[in-house]
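Each of the next two complexes has subunit A plus one other chain: subunit B in the first, subunit C in the second.
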Partner chain A sequence: MQASSTVAQSSIPGYRTPLQERVLQALRQALVLAGISSIVLPILWMMLTAFKLPRDVYSLDSALVFTPTLENLVTIFQHPWNLGSKALNSVLVASGTVLLAVPMATLAAYAFSRLEFRFKKALFLTVIASQFIPGAVVVLPYFLMFKELGMLDTRSALVLINLSIVLPYAVWMIKGFIDAVPIEMEESAMVDGAQRWRVLWEIVVPVALPGIITAAVFSFTLTWNEFLFALILGKQDALTLPLGLIGFRTERGDLWELMAAGGLLITAPMFLLSLLVHRQFIGSLTAGAVR
Partner chain B sequence: MTTIQLRKIDKYYGSVHVVKDLNLEIADREFLVLLGPSGCGKTTTMRMIAGLEHPSAGEIAFDGDRINELGPQDRDVAMVFQNYGLYPHMNVTQNIAYPLKLRGVPVAERQRRVNEAAARVELTPYLARMPRELSGGQRQRVALARSIVRQPKVFLMDEPLSNLDAKLRVVARAQIKHLTQELGVTTVYVTHDQIEAMTLASRVAVMQDGEIRQIGTPEQIYNDPADTFVASFIGSPAMNLLSVQADAHGRCTCDGRPLAVTAPAPGAWTLGVRCEDLRLCSAEESAFSTEVYTFELLGDCTMATALVDGRMLAVKAGKDTRLKTGAPMHLAVDPDRLYWFDAGSGLRHR
Partner chain C sequence: MLRRVPLHVWLLTPALAFVAAMALFPLGYSLLLSFRSWKLAQQDTPGQWLGLDNYWNLLSDDTEFLDSVWATLVFVSADVAVTLLLALAAALLLQRETRMNSLARVLLILPFVMSPALIGVSFRFFLNPEFGVGHHLVGWIFPAMADKVWLADTTLAMVAVIAADVWHWAPYMTLVVLGGLASIPKETQEAARIDGASEWVVLRDVTLPQLKPVLGVVLILKTVFALKAFDTIFTLSNGGPGTSTQTLAYFVYQTAFNYYDMGYAAAAAYLLTAALVVCAFFYLRLLFRK
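Here is the complex of A and B:
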């Protein structure tokens, strides 16, 4: 009886013995672990290196065990590195971009989602397609344009240029969330007596808020990490944090411990931000799945 | 005091003609039900009254004044949506108060009127709750409270009971009827449920394919249907419709069997008769004989069904009647209770 059932089971296509199942499971876990390690280990290395003295950076003996120091984190704020002013620039440029991008994107997304107008589809496709143009292609026209305007090495120029990068993403993301807001809610508000602006502000925005916050965080991250345009347009006054890192490649060689400390300075706010909006973010990813 | 006039209304979605040359006068304080199957244009008609859709042609007027150009904000109508359209980020109080807030009603007055409206639909204990914390029936009552919290010119209700279970629907129906009578506001109500239409309406407009097939009181629609569509749409079960052939003397056959009734003229007819107007009888007095296809106990009565010419023929019988499947069934009928329809057009012969 048992033998016949074994024969029957093993003849089922895709049937595996418990041993095969266990080996496969182990392989899968190893693969996942390798994947996670490839992401986490560099970050871990950076975090550790930020607290190492130069002599510990290259030594394998002190890879994990070493005397930690805060010196690097102090040094990067001092002359000639001055990451403090660059951090301020980064904060101002990223916040400015988000503050402008989110309301603009929300309005555009609402229009694309709810209003009927000529060339709507074509226009929306253009907005999305503008993202497929590599930054390196347009950086020269941008450079010349801002030079003409006398805006080279200014934070406003960076805000404008980042706006052009994040807006399409934000419009596309927020439109998805507005699409998911049941139209009856808006119609209900209109019949209740609300003009379209109030419908947008009092009904659509609050309901789509998780999505809007997601778009804001995304825009902030994108701007915060932006390198190419900041490199080309910046010179001295409008340098941002990612550019600060290049400074650590000196004639004396690469100052890894300072670069790691700078890296920590760049990633820490993103970590905090992601922790803060984590709940909101997850909520928004699953919103609309179940009503 | 509001009357509604729809004059020569047409509505197209692209090339699809969803409402066709519709004319309708709704009297003050009237409860008009737009009844029809899905896709018949009833909801579109209501949405045009609300201002959520614009007619492709024709005129909509309140009290004789054209309102085509007014947005939904400016028509002073209140609407209950099929899925209620509650604001998920506002609690029950805020939901009900929203129309008042938009009209700048002072907070104290707002609260008083919210309490009043909530009490009317028995929502008082739930005022602080969010919509997601309410049951379907409670949500429906929030939508209702929101529409009665101000005195609108017109109530519009778009299948407000369709998301409720059968039991709750009966309760909510009674509640809506009571409320609208008490408030005396002109009401337009859309449904595909003929029982809702019969119980609520002061007048029913039966729609099909974007046209009104018949408009009248529930009694008129039930007892005097204009065509086979109306006859088969109203009543539960629907009116029995039989394909009948009449000879030169008006003598009829149905499904190849003699049928002892006299047709108005020779030719093909559709004969309508309601299940309660058919009577089980002995073979001698029978007008038509067939066999039992199925027999059902319904509690207060029984229902015998025969299969005639591919169609169900339902007969209502006494609660103590018992019939076996396949048994012969003899039927008598009062000639005054027969409805003759043209076999081609489906229009009633009068």
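Here is the complex of A and C:
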């Protein structure tokens, strides 16, 4: 009786014995663990390197066991590296971009989400399509334009460029969140005689705020990491953190421990920010593809 | 007077005017530039009108350009294929609710928010033949590789550049595919299982077909970002050794800002744009068909 039921079970396609199931489970876990390691280990390695003395960096024996030092994190702020001023530039450019992008994007997103008007679809497509423009194409006109305006090597120029990069994303993301706000909330407020502007400010913005914050974090991240335009427009006054990194390539070779310390400085704020808004962030970063 | 301006105009003008000024205007300017000769080192204003000469020269006898087209094709196709397969496999693996999987899902966001320039620098560090962990790890697993200097070998340098870009993007794309998997109604998979389909058949005949739109988005988005990739290549291999990892985006940068040949660079940039326009078309169609 028992034997026959085992035969019957194992002839069902897809049925696995407990042993097979356990082996499979272990295999899955091993793969996930391998995946986690391939993400975490390189990051950890860079972070460890930031606390190493040069002699420990250049020897594999002291890969994991070494005397930690804060020296690199001090050195990168000193002459000639001056990552302090670069960090300040990065903060100013990224916050300036976000402060301009978010209100502009919210207004446009509201119009695209709630209002009916001519050319709506074409305009929306144009905004979305503009994120496909390769930096390599617009970098020449930008360079020449800002050269003409005497704005090469200024933070304002970088803010303007980054704004044009993040706006399409921000409009799209915020529109998604406004779409999800129940329209009844607005309608009842309008019945009470509230103006559109007040509805937008007092009802839509508060409800969509998590989404707006997510879009702000995303825009901040893109601007913070932006490299190509900062490389071409920057000379010495408007250099940002990612450019600070290539400064550690010297005639004496690459100064890895300083690069790692600089890398830590670039990365840590982004990790904190992204983990802070983690759930929202992933939802809205992937929604566009799924919806 | 002002009252007659409709609301949507007020709402849209700031963003749209800006997009027009900062995206569409440079695009047009670049196009005009691509028909002219302009060596920035010798003259301050655009020089003579050349018509299609820049394009003709690029396509007919500029081996450096043609090499970079080839490098772009290799880079983009390998990068996209590996990212897509990895993201799909990882998402299928991570969709079960276990504690380790939810930790993994949190960690997936980290590479994506890292500076691509930093990723390039870090890979350079890992692949250093003397003290790079990556170099020694690979040499330990495949002894034949132990003596290879990654960034001095044309093939391996390309592998390194692709690996760095995959490391940056595959985790994020995994999140996208996970989102797609979550939106598939569980009933269809259950029904197939009850009908006696094996897991493999469920995946092939039920899950994957429903996942197609999402995989399409991943495919196109990744192609676009691979075509635009610059930072990682700049900091990891500098386009080298020789010009082996010099993709189109990098070629444009070289031509414009090392050789100061603006018109020629603009023409090359426009050929790159052509490829992106095709991607954009398919992407928008996929997105708005639903």
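Following the convention adopted for this analysis, the second predicted complex is superposed on the first by the 274 of 291 C-alpha atoms of A that agree within 3 Å, B and C clash if a C-alpha of one lies under 4 Å from a C-alpha of the other, contacts with A are read in each partner's own complex, and residues count from 1 in each chain.
Keep in mind that, in the parts below, a contact is a pair of C-beta atoms (placed from the backbone, for glycine too) under 8 Å apart; a residue touches a chain by one contact, two chains touch by 3 or more.
Given the structure is predicted, the values throughout are model-derived calculations rather than measurements.
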item	value
Partner chain in contact with A:Thr75 - subunit B first, subunit C second, else both or neither	neither
Subunit B versus subunit C as contact partner of A:Ile203, first or second or both or neither	first
Subunit A: partner with more touched residues, subunit B or subunit C	C
Subunit B versus subunit C as contact partner of A:Glu184, first or second or both or neither	first
Which of subunit B and subunit C A:Ile246 touches, first, second, both or neither	second
First (subunit B), second (subunit C), both or neither touched by A:Leu163	second
Complex interface listing, subunit B residues touching subunit A	50-52, 71-73, 75, 77-79, 81-89, 98-99, 102-103, 146, 156
In the complex with subunit C, residue positions of subunit A that touch it	12-14, 28-29, 31-33, 35-36, 38-40, 42-43, 45-46, 49, 57-60, 63, 103-105, 107-108, 110-112, 115, 117, 121, 123, 125-130, 132-145, 160-161, 163-164, 167-168, 171, 196, 221, 224-225, 227-228, 231-232, 241-243, 245-246, 254, 256, 259-260, 263, 266-267, 270-271, 273-275, 278, 281-283, 285-291
Footprint of subunit B on subunit A - complex, ascending	182, 184-185, 187-195, 198, 203, 206-207
Residues on subunit C engaged by subunit A in the complex (per definition of touch)	6-8, 10-12, 14-16, 18-19, 22-27, 29-30, 33, 90, 93-94, 96, 100-101, 103-118, 121-122, 124-126, 130-131, 133, 136, 167, 171-172, 175-176, 178-180, 182-183, 193, 196-199, 201-202, 214, 217-218, 221, 224, 227-228, 230-231, 234-235, 248-249, 252-253, 256-257, 262, 265-266, 269-270, 272-273, 276-277, 279-280, 283-284, 287-288, 290
